[in-house]
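Each remark here refers to the structure printed beneath this line.
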Amino acid sequence: MMTSLYGAILFLLWLLLSGHYDPLLMGLGIASVGLTVYLAHRMDIFDHESFPVQLTSRLPAFLVFILREIVKSNIDVLKRILSRDPNAVSPRLEEFPLPQKTDLGRVIYANAITLTPGTVSVELTKDSVIVHALAKDIADDLFTGEMARAIPDKVVEP
Amino acid sequence: MYAVAIVAILVTLSLALARALMGPTVFDRIAAINMFGTKTVLLIAVFSFLTGRLDLLDMALVYAMINFISVVAVLRLFSHKDFHSPAENNVISVKVRRRWF
Amino acid sequence: MVLDILSWVCLVAGGLVGVVGAVGIHRFPDFFSRQHATGTTDTLCALLILLGLGLQAGLSLAAFKVALIFLFLFITSPAATHALASAAVHSGLDPKRGRTDSEGQS
């Protein structure tokens, strides 16, 4: 079931990428998709993490949220790059607790931290994440901010 | 207008290359090369629109993948000294933790 | 016409963000803070330039490919950044501390 769905998605991707629809090339495409699915099946990598179906319905809202965060923090970092104030940049390390229950939620949260400039997740342990922040107010923003609450609510937990 | 974007990307590329040549640590160099690769993907994409050869977009896509794989491979080579040893226990030691907090 | 102007604005702004980010990797003091400048050029610069190209392409296969490049860059760039930072920490590289960082520390 999962395997055939995966194959169908791969073939759709192949069709859109190639843009050729004559029988020979379509046959080659089907053959390559079949080989890929067979290899993935043999390697036994189909599980809920390789293709997380359970969170696809929440993805659009999450994308809008993360894009807004990215634009906001980018503008902040660009200002800091151009400012002459020596206190604009005072890098620091902070440890934050991870509220997420699932591994997938933790990984998405750490990736979101890294994706917004100004914060980079350095280390991910069982229940906390160590973050390198560009300045104190950026770190405080992450500490009180909505991202920790938004990510389990919007993406992983139903 | 594409030309303006291409010139801006070329300036970015040269600055990243300067950091890769100067970079005090090896990680500075790898980060600069990673950024160089990302900007190259954008350069190829803009170039394909400039010349109207939209099939170059496929090349940009493949370059993005190769860039990611190569950065991870080079990192692995530097931190494990080979490509095949299993990932070790990835927890910061107590000593490092005491130095930081 | 409006779309043209919008896409030009996106392309030029993207190029500008890229150049400022590249200046950042020369102005910031150490490796870990340079990562933030790299992240700036990896996210907003790529976002703006690819958005400009997508507006030029309209609704076509080229736009789909541009969207795919965007998606791929946004999935791999945090992974590469995290791998770099983690490898640097494990090899014993310590981040520089800012001057406001000393209060309340041992």
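As written, the chains take the letters A, B and C, and residue 1 is the first residue of each chain.
Everything that follows uses one rule, which is that a contact is a pair of C-beta atoms (placed from the backbone, for glycine too) under 8 Å apart; a residue touches a chain by one contact, two chains touch by 3 or more.
Owing to the predicted nature of the structure, the values given are computational and were not obtained by experimental measurement.
Participant: So which chains count as neighbours of both chain A and chain B?
Facilitator: C
Participant: Please tell me whether A-C or B-C has the greater number of C-beta pairs in contact.
Facilitator: Of A-C and B-C, more C-beta pairs in contact link B-C.
Participant: From the C-alpha centre of chain A to that of chain C, how far is it in Å?
Facilitator: Going by mean C-alpha positions, chain A sits 14 Å from chain C.
Participant: Measure off the straight-line distance from the CA centroid of chain B to the CA centroid of chain C, and report it in whole Å.
Facilitator: 11
Participant: What are the residue numbers in chain B that touch two or more other chains?
Facilitator: If we look for residues of chain B contacting two or more partner chains, we find 58, 90, 92, 100.
Participant: Touching at least two other chains at once: which residues of chain A meet that condition?
Facilitator: If we look for residues of chain A contacting two or more partner chains, we find 17, 93, 123.
Participant: Could you say which residues in chain C touch two or more other chains, in rising order?
Facilitator: 21, 23, 35, 61, 65, 68, 77, 79, 86, 89
Participant: Name, in rising order, each residue of chain A that touches chain C in their complex.
Facilitator: 16-17, 19, 67, 70-71, 74, 77-78, 81-82, 86-87, 89-93, 110-112, 114-123, 132, 134-136
Participant: Quick check on the complex: what are the chain C residues that touch chain B?
Facilitator: Of all residues in chain C, those touching chain B are 7-8, 11-12, 14-16, 18-19, 21-23, 25-26, 31, 34-35, 38, 41-42, 45-46, 49-50, 52-53, 56-57, 61-62, 65-66, 68-69, 72-73, 76-77, 79-80, 83-84, 86-94.
Participant: Inside the complex, what are the residues of chain B that reach chain C?
Facilitator: 1-2, 4-5, 7-9, 11-12, 15-16, 18-19, 24-25, 27-28, 30-32, 34-35, 38-39, 41-42, 45-46, 49, 54, 57-58, 60-61, 64-65, 67-68, 71-72, 75, 78-79, 90, 92, 96, 99-100
Participant: For the complex, which residues does chain C have touching chain A?
Facilitator: 17, 20-21, 23-24, 27-30, 32-33, 35-37, 39-40, 43-44, 47, 61, 64-65, 68, 74, 77-79, 81-82, 85-86, 89, 95-101
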